[in-house]
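In the two complexes that follow, chain A is the common piece, with chain B as its partner first and chain C second.
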Partner chain A sequence: MRLVRAYGRAMWDARLILAYTLLVSLSLFILAPFLMIALRSVGKGWFGRLWLPPQLTLDWYRWAVEVGNIPEVMKNTLIIGVIAVAVSTVIGIFAGWAFGRRQMPGKEVLMAIILLPRMIPPITYALGVAQIFYTLELVDTYLGVALAHVSVCAPYAILVLSATFEGLDERVLEAAGVCGANTVKRFFYVVLPLIMPGILASMIFSFTHSYNEFTLTLLTYGPHTVTLPVRTYLAVGDGYWEITSAMAMLMVVPSLLILAVIQRRAKPEKLVGGFKGV
Partner chain B sequence: MTDVMIEFRDVCKRYGTLVANDHLSLAIRKGELMTLLGPSGCGKTTALRCLTGYIRPDEGRIFIDGQDITGVPTHQRELGMVFQNFALFPHMTVQDNVGFPLMIRNLSKAERAQRVAQALRLVRLEDYESHYPRQLSGGQQQRVGLARALVYRPKVLLLDEPLSNLDAKLREEMRFEIKEVVTRLGITAVYVTHDQAEALALSDRVAIMNRGRLEQVGTPEEIYEHPQSRFVAEFIGLSNFLDGYVQAVDGDTMVVSVGGLQMRIPALAEAGPGQRVLLFLRPNEVELLRPDDPGGANVFDARVEKVTYLGDTLDYRLTFGQGLTLRVQSDAQRRLGQGAPVRLRFPRVRSWAMTSG
Partner chain C sequence: MIGFWRTHSSTLITLFLLLPALAGFFGLFFYPMLLTVILSFRPEGQAVGWTLENYTRFLADPDGRWVILLTFILSLGSTALSVLLSVPLALILREKVRGHRFYRLMVLVPLVVPGLIGALGLLLFWGTRGWFNLFLLQFVPFVQRPVAVNYTMHGLIMFYVWLYFPYTCITTLSSLESLDRSIEEAGEVSGATRWQVLRHIVLPLITPGILAGSVLTFMAAFGAFSVPLIAGGNYRPLAVEVYKQISVPIPARWSAAGAIAIVMGALQVIFLSLYMRFVRRGGSPQ
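Let's turn to the complex of A and B:
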């Protein structure tokens, strides 16, 4: 009997070791490119088959800021992000309410259309956007690039917020009504506090998508609206891997800040759990 | 009619072709606990929601305390309501939940705190003021719901299946707790449930609904002892039904032929010979005698078809006559095995005349 139990425990340990090995390997696999860029951005004279850079320097960052004009580019990226978030959230609230709370004919078809920009290859969609924007002279404007981003941010906002509104318990609203709250008070005291996490989640998603968006920006940007991903891509074309790596590292900082905020304030899987069927 | 608190007058509500409330008329007295009882889809919840104003009836009017409130919006109706899923505000503490109706009514902070404490004492949750609903058990959450409904002393308390989400043992405890609180406050209460045991235990009067109509309104005793229709008899308690026809009428009694047997039962005023009748027997209205017991009126031989052991009672399925079956419950003292012969006596048989066909 004791032998059986010992055997069982050994098997359990073996399984645990296997699981850890797999997960740690996967983490390393995911982290390897980061490590590469991080080392490259501070390494000097790192050529050939050396495991680690022989010298460390922050010169590449100085170059990125001064020559690459990163502060200006960062400003562009943030302004475009804020506009995209604002527009997407407003759209998301109204459309999410309609999708989440109302029974309406053609709901599935409409939802499919809204999700379309996310589903087809981005370059296809971006080409269409670019052609329309050239006609409307929206190319190389903050509003134009932000609107292009809305086409991918809004679907996320709508998904998150329709799930939020769907999760809003009708009975709780009814209870507030029976307790004496009129429509306005019901909204401010009950609805708003309950949907706030959803709105925040939707804003974070929209912002990260705008911030990371590359393809749509590439076809709608101009000299005044260069964003971080595009700037980095252009730098790759110039062939300076060290400076490009420094830019990439700078670009990651806001993303990590957001991730830290999410981790502390709310469980990220909970935010993602707001989705249904993505 | 000054002692009427709530009156439904000819209320109709349709959903497409489905009639949820079909000319519902019902008066509920002040201080009374009235239960709306019926299977799901019978219209009891629709009736309650017409009362809260969440649903607008298509026809008819609803009065509370003599005032026509049919067109009054929910938040002005001064009601208290307890919900099946508790419907507490998840983002508020117990104190804020209970204080919500008072905050809406702009009561001062001091008065609010005092009244909330009072309401929480009423439901024995004084120590949970700063808890959030998700930190409480189902029973505690429902007590918070009750406190929130009562805190502003509404004229009427509505309870929509308040115990359905609780487990069986707790349900029974909460039943008495609700009854006690309602009686102590002398408040008029409307209680919606599909659980007949709950309805019988709690109510001053029960209104049984079926397919949007009222089947019968009466005290639990009236409903149980004198069901006016097969639906009511079936819904409340266990019942046996036997089909028969009248052979002869003899003054106060009539002879009914049932499955080849003759039974003497109290005569129905409207039934002459040849009338089809439906006989109705509660499981406790059948006496189980020994097979050698002397015969007499309404004594028949039967056989045990099936025995089910229920702990304190035994549930028998008996066959007798030509293809008649009965369900009888008796205490577990004398145990009859499957196939055992037994003699039945029916001390009391009630009947309804059936329309032919």
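Let's turn to the complex of A and C:
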């Protein structure tokens, strides 16, 4: 028992060292894969037991752009992302207003039902979505792939926006009314600035989900709608690790931009979707 | 007509507001689910007739049962490890140590980066030619040959942890930060040691947060598809097995895929409802 206590005290005395060891090894654990991708994408003739590539080259990037068709793929991904974000934001604003600000019977149950897609593995309904889209000839169209993404993005948008609208204080609106603002003015000068951060957060999260969505894309894509995750998967299958790494480097840049925005503007808890609807 | 509008306008507006969400829900989730269910009961490749064969074939096959077991091993193993990693991490990050903004950013990275790119980097780092094995071979005595991490079960569990621990960590951290510090101070004033404060005050209070976060990690790990697809090797969990049915054989076996997918969805829902029940009964503070 005394030994345990002495051990505990020693650990407590070394707490700073222990904490930083954990933090630094975590950062290494998280960042090392990206470092390897970055090195692999510029290395040439990197075989055997070498820590760093012996020669540097940008050839793989040229290959990625020319053969891998990255600009085209990037364009597809952005177009699909924008459509998916637009549709899910509209859904989110309407439904979020209803859930956040209006009385209705069975609100909790309805919310749980609408959030149900988050509880089911996407591959389950992706099979059905693919079947429907084949009959409707939506496969390999921007709209089709984007709509498939909406089934993942919309629940998050509804969750974030209903919380935003719920937090809108009725008294502020009344105060604006008392001060002589009419409905239109109230909307543009009071409501909009208050809900804008929430809408932006919902758009960023929807875009992140669409940008990273793989399962639903894989079952609805075609030669004209290859997105970045699908392109990575196909490249891994081809087995040219250097070119794949170069592609991955090009793809990771937008993600890091999004990360910077999230860090500044939004609460990360919202990114994981909270647990209200689970 | 106008009278009807007067009495029911509020309900109608609510309905109108919910319309896009309901359309999306039925068109993109409910109807596809229904189609998958129907498909799973059809004989392979036919649009008529009913059969249980797709289910019996998958569930009677020892390989099929191994796939189910494997999926649970992978998802439960990575969830447990995520909790073990997240709780100390959240306790440290709460203290606003130097550079805590950077470390918080680190936790977010796996959430934002496409999973496939993460998996690619992990394969490169932990591979036989990667830095991990290079380090072992050059600096650790008695290691003569590279240690296999890629395409093994423990490697796959570690990859899952890399990808999905942020759910647990962020939720734990946010519930820790909403904790009132004065409660802990009250404990210390009353003569409790730091360990006792942690064990009997802090941990019970953040348990709901930890459990809620671990549910998110579990769901992500159970449904994981992209990572085991490229980094799983011979270890194919349910989601990959579903995809194999429609991508490998010609013609594609949609009904078999549907049956496996329904088994997968049902297992997840059953497991989650049991888990939530456990959480409500035992996990929440009194």
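Quick notes on this structure:
We adopt the following convention: the second predicted complex is superposed on the first by the 247 of 278 C-alpha atoms of A that agree within 3 Å, B and C clash if a C-alpha of one lies under 4 Å from a C-alpha of the other, contacts with A are read in each partner's own complex, and residues count from 1 in each chain.
Methods note: a residue touches a chain if its C-beta (ideal position, glycine included) is under 8 Å from a C-beta of that chain, and two chains touch if they have at least 3 such contacts.
Keep in mind the model is a prediction, meaning the values are calculated, not measured.
Partners chain B and chain C, brought together by superposition on chain A, fit side by side with no clash.
In the superposed pair of complexes, A:I195 makes contact with neither chain B nor chain C.
Using the contact criterion defined above for the overlaid structures, shared-chain residue A:K185 touches chain B, although it does not reach chain C. Once the two complexes are overlaid on the shared chain, A:V145 sits clear of chain B and of chain C alike. Legend: residue contacts after superposition of the two complexes on their common chain; A:V160 is shown touching neither chain B nor chain C. In the superposition on chain A, A:V236 makes contact with chain C only, while chain B stays out of contact range. Looking at the shared chain after the overlay, A:L23 reaches chain C, while chain B stays out of its contact range. Touch counts on chain A: comparing chain C and chain B, the chain ahead is C.
By the document's definition of touching, of the two partners only chain C reaches A:I120; chain B does not.
Of the two partner chains, chain B is the only one that A:A176 touches; chain C does not reach it. Think of it this way: put the two complexes on top of each other by chain A, and the tightest Cα contact between chain B and chain C is 15 Å.
Looking at chain A, you'll find no residue that touches chain B in one structure and chain C in the other. Every residue of chain B that touches chain A in the complex is listed here, in rising order: 52-54, 73-81, 83-85, 87-91, 100-101, 103-105, 148-149, 152, 158. The touching residues of chain C, when paired with chain A in their complex, are 10-11, 13-14, 16-22, 24-25, 28-29, 31-36, 39, 85, 88-89, 92, 95, 97, 99, 101-118, 120-122, 124-125, 129-131, 134, 137-138, 162, 166-167, 170-171, 174, 194-195, 212-213, 215-216, 219, 222-223, 225-226, 229-230, 238-239, 242-243, 246, 254, 257-258, 261-262, 264-265, 268-269, 272, 276. By the touch rule above, chain A contacts chain B in their complex via residues 169, 171-172, 174-182, 185, 189-190, 193-194. Within the complex, the chain A residues that touch chain C are 8, 12, 19-20, 22-23, 26-27, 29-37, 40, 47-49, 51, 87, 90-91, 94-95, 97-98, 102-104, 110, 113-114, 116-129, 131-132, 147-148, 150-151, 154, 158, 208, 211-212, 214-215, 218, 228-229, 232-233, 236-237, 241, 244-245, 248, 251-252, 255-256, 258-259, 262-263, 267-269, 271-273, 275, 278.
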